[in-house]
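Pasting the structures here.
Look at the two complexes coming up: chain A is in both, with chain B in one and chain C in the other.
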Partner chain A sequence: MNAAIETVGLHRVFDQRQGLFGPQAHVVAVDDINLKIAPGRALGIVGESGCGKSTLARVLLGLLPPSDGTVRVDGQNLANMDRRERAKLIQPVFQDPMSSLNPRRRVNDLIGLPLMVQGIRGGEQQRRVAKMLERVGLSPETGTRYPAQLSGGQRQRVAIARALVNQPRILVCDEPTSALDVSVQAQILNLLGDLRAEFDLTLVFISHNLAVVEHIADELAVMYLGRIVEHGPSEDVFRAPQHPYTRALLASVLTPEPGLGLPEVPLGEGYPDPSNIPPGCRFHPRCPIAIDRCRTEPPARRAVECHLAA
Partner chain B sequence: MSATLKRSTNATLEVEGLRVSFGGMEAVRGIDLSVERGETHCLVGESGCGKSASALAIMGLLPGGARRSVRRLGFAGDEIGKLSERRMARLRGDRIGMIFQDPMTSLNPAYTIGSQMTEVLRRHRGLARDKAAERAVAMLDRVGVTAPGMRLGQFPHQLSGGLRQRVMIAMALLCEPTLLIADEPTTALDVTVQAQTLRLLAELQRELGLAVLLITHDLGVVARVAHRVSVMYAGEIVEQATTEALFAAPTHPYTRGLLDAIPVPGKVRRGDKLGSIPGIVPRIPAGFVGCAFRDRCAFAEPVCASNIPPQFASPDHAYRCRMAPDWWRATA
Partner chain C sequence: MRTRQIPLLVGAVIVGVTALVALAAPLLVPHDPFAQNLAQRYISPAWMAGGSSEHWFGTDGLGRDYLSRLILGARISMLIGVATIILSGTIGTVLGVLGGYFGGKVDAFVMFIVSCRLAIPLILVALTVVFMVGSSLTVVVLTIGLLLWERFAVVSRAVTRQVCGLDYVAAAWAAGCSRLWIITREVLPNIVHHLVVIATVDMAIAILLEASLSFLGLGVPPPLPSWGLMIAEGKDYMYFKPWVIEIPGIALAVLVLGINLLGDGLRDSLGANTDR
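Up next is the complex of A and B:
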């Protein structure tokens, strides 16, 4: 069986000028990523701001062309597909539905648009929109409203309905609950869990919140400065993180358990800069256990990219 | 609720009966709280619960169009509820420090870090430029900003988010305040930077004996830094207790719902449902009576539409609900 998503040597580089006459900077946002997601699995991608996780999402969705390498969706090269074919296979849910939903369209039209693009109109379109509204837990009246008249949670439900109305195979969620309150976040996560089973979806779930990712993902990939530095089954990564960066990330999560106090985070103050990736292991300037070899020699490309991991 | 939770009278901040309204809507509906020297009191709740409006009201920084009334607003033994704007402005940034969520909007992008930091000292302390710069460098160094001398010449956009928040902390503490009001100070930061920043704040608090009022939506932050917690819902404090008491025996159905909704690493199994609170936070019109949570509450009864007095789960733990203190033990 084909992998739902497979990337081979995926790169994405941005050229940025520092100021009007400044030097050209080469920002490597995605650096040689090779991923394979089996159909029906959920891959969680975590990492801090600037690690390239959102760029990766946009490349997987075909919204940004890769600088090098290929994305295969369901065995087909994404670059050779037209937009309509792509939209039937893979759909996004973004963080802020207020900026991804057209504010001048009613909810019914927003959810109906992907159907119209595929040539489904009239009564059939209305019927499918109504069914989808109900499925994501929105009342039929909501369909006649504008996005600005909805709460954040309702808007995210609309975004999910729009993404799923054509029954795609793959859903790429980029921080889908980060703008929501915890009680609403729980509603949306539960909904995504249900829909995933019902639609037999393959899920790519990107978040900075490790607990949220653990809740939904079968596999976890940890990104640091454009590379996946640790990749494995969620249980294993959460129970026994191997990469020192994964360990620091997990140690930093503040669980609602009083008495534990604040964790000491064994990372330097150095801030990762994707336009200036350190030689050797890219994590070495912040790594608490770095040895000389880490400063000069990049670690081998494997599930845990660290010289010192077993 | 602290009118009922009697505490020592030498608290740094004492708030009684604070109300804020915008137009016909009530944002804060009579809250009581106090913060003692060296203590962190967390005001926790979801967006729209009135936590930020409470903080702004205490600092006298509400936007035009908002109305504030307060029975008592005590700061270090003085009543400051009736102070003129001029005299409040003198307290802010001096004896009351403030930190907000997004340093990019509270730092002026057109001025260097140095000129913004020294302005505080020149204005409140009348220091000369070079003395002020010296003190600013020392403070930046104290909050762990590397190369502090160089930072004075930099603009806010040249710093990372974590560094900007450290600069904000340094600025807030320049005049050695006795009270620090921090509104979501680490919400915009990455998890690793959040943990580092909160550690720094806790260290500085011990060192300076600061009273800290911390506004947050994150019960994880509350559990790890607070001594005392007030849970806000729709403009009211629905539960107030020491941190240990609150997490050991959360009693208000809203507090319990919030805690159930948080995924905790290693605690929830994949595929398990998270607890979630149905519906959304209501807007409260003037003259509203009864429990504001009743429309979303699984235990609501007709009596919840009438005035609900606070009850005690223990001497240090008050909550505003009709249910008996240990009701949840039967359902757990």
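Up next is the complex of A and C:
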């Protein structure tokens, strides 16, 4: 059976010139990522801001071409796919539903757009849009409104309805709850969980919020400076993190108990410049357990990219 | 009514009335605007000594009724303004949206053309064209229209880039929409309110340019009464009969002011209507 999504040696580099005559800087946002997601599984990708997770999502969706490497969706190379074929397989849910919905379109037209592209119009389109509206928990009257007349949670429901109306196999969610109120986040997560089971979806779920990912993901990939430094079943990663970065991330989660103050995070200095990646192990400047070897020699490419992990 | 809507209203009334006068010009003129009467040259307007209600705004150097020429002149000014922005708006928007959407080499090419256009002095080109092919209304519209698109190009490029960075364009692409659909249905409706403002600014500039060209004798050929041409024809009598240039001058200034007020008002009210 084909993997739902498979990436082989995926790279994405951005060229940036600093000033008019400044040197050309290469920002390696995605650095040699090899992923394989089996159909029906949910992969959570976590990491700090700027680690390349959104770039990875855009490359997986085909919105950005990879600088090197390939993305295979259901065994086919994404780059050679017809736009309609691709749209039927893989769909996005973005972070900010205010900017992911065209403000000049009514909700019915927004949800109907993927159907229209496939040539489904008129009554058939209306019927399926109405069904989808109901499925994501919106009233039929919502269909005649504009996005600006809806709340944040309602907008994200519209974005989910649009993504699923054509019954794709894969859903790529890029921080789908980060722009929402905490009270609404849980509703959207539960909705995504229910729809995942109902539509038999493969899910790529990108977030910086570990609690959100734990709730939904079967597998967890931890990204640091464009690379996946730890990858495994999410239960194992949460229970027994191997990479010092994963441990630091888990330690930095805020607890809801009052009086405990902010957690102590052993991450020393700030996030490094992605256009100037440290030699050796890229995590060594911030690593609490780094040894001399870490400063010169990159770790082996395996599930946990650390010299000191078992 | 909110105070910020007052300029919009004033602008809309000025432009609306001028447009109506322009459309209904043949019905409104009290006299034939081309009929000369050398026995009745430079009759003063009705409110000055020697004026009469026969010619409300007096007569010009050839005895033609000044009010009738002013009314027909409104038609010519509005025609030039509208025809020019249709032409220049189309050129500029197509170039700007293509540059903004595709970026990279297409964008570099568009910006190069814009720079070339900015290096061309308008009046000089107009002068050359008129010298080579002679002046007519069509030549004036084509010359101004083909030269006045750079503002449309620069603005539509900038706002297209901004809109293309938004996730709804990404979502449309992921939904399998074609590039043509994305440009015409996702991008254009969301930049059009910026273009309306540019259209008003450029319309005012086009009308003033035509007046300048006519004043230099390079615009609309006589005996068609453009407001600029009326000022040009009256300039020899400026010190003796100042009203000969004051009347078309005030008309021109009020129209341009009205168009600019309308543009400012539209920018404020159209920009806000996405958060209904």
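Note that in this section the second predicted complex is superposed on the first by the 305 of 310 C-alpha atoms of A that agree within 3 Å, B and C clash if a C-alpha of one lies under 4 Å from a C-alpha of the other, contacts with A are read in each partner's own complex, and residues count from 1 in each chain.
Keep in mind that, in the parts below, contacts are C-beta pairs under 8 Å (C-beta built on N, C-alpha and C of every residue); 3 or more make two chains touch, one makes a residue touch a chain.
Since we're looking at a predicted model, the values are computed, not measured.
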Clash or fit, chain B versus chain C on superposed chain A: fit
First (chain B), second (chain C), both or neither touched by A:104: second
Touched partner set for A:267, first chain B, second chain C, both or neither: first
Apex chain A: angle to the C-alpha centres of chain B and chain C, given in degrees as a multiple of 10: 80
Contact breadth on chain A, by residue count: chain C or chain B: B
First (chain B), second (chain C), both or neither touched by A:86: second
First (chain B), second (chain C), both or neither touched by A:248: first
Shortest span in Å between Cα atoms of chain B and of chain C, once chain A is used as the common reference: 14
Chain C-contacting residues of chain A that also contact chain B: none
List of chain B residues in touch with chain A within their complex: 46-47, 144, 146, 160-163, 190-196, 198-199, 202, 217-225, 243-244, 247, 257-268, 270-271, 273-278, 280
Complex contact set, residues of chain A against chain B: 48-49, 151, 153, 181-187, 189-190, 193, 208-212, 214-218, 234, 238-239, 248-265, 267, 269, 271
Residues of chain C defined as touching chain A within the complex: 166-168, 170-178, 186, 189-190, 274-276
List of chain A residues in touch with chain C within their complex: 58, 61-63, 83-84, 86-88, 90-92, 94-96, 99-104, 113-114, 117-118, 146, 148-149, 159, 162
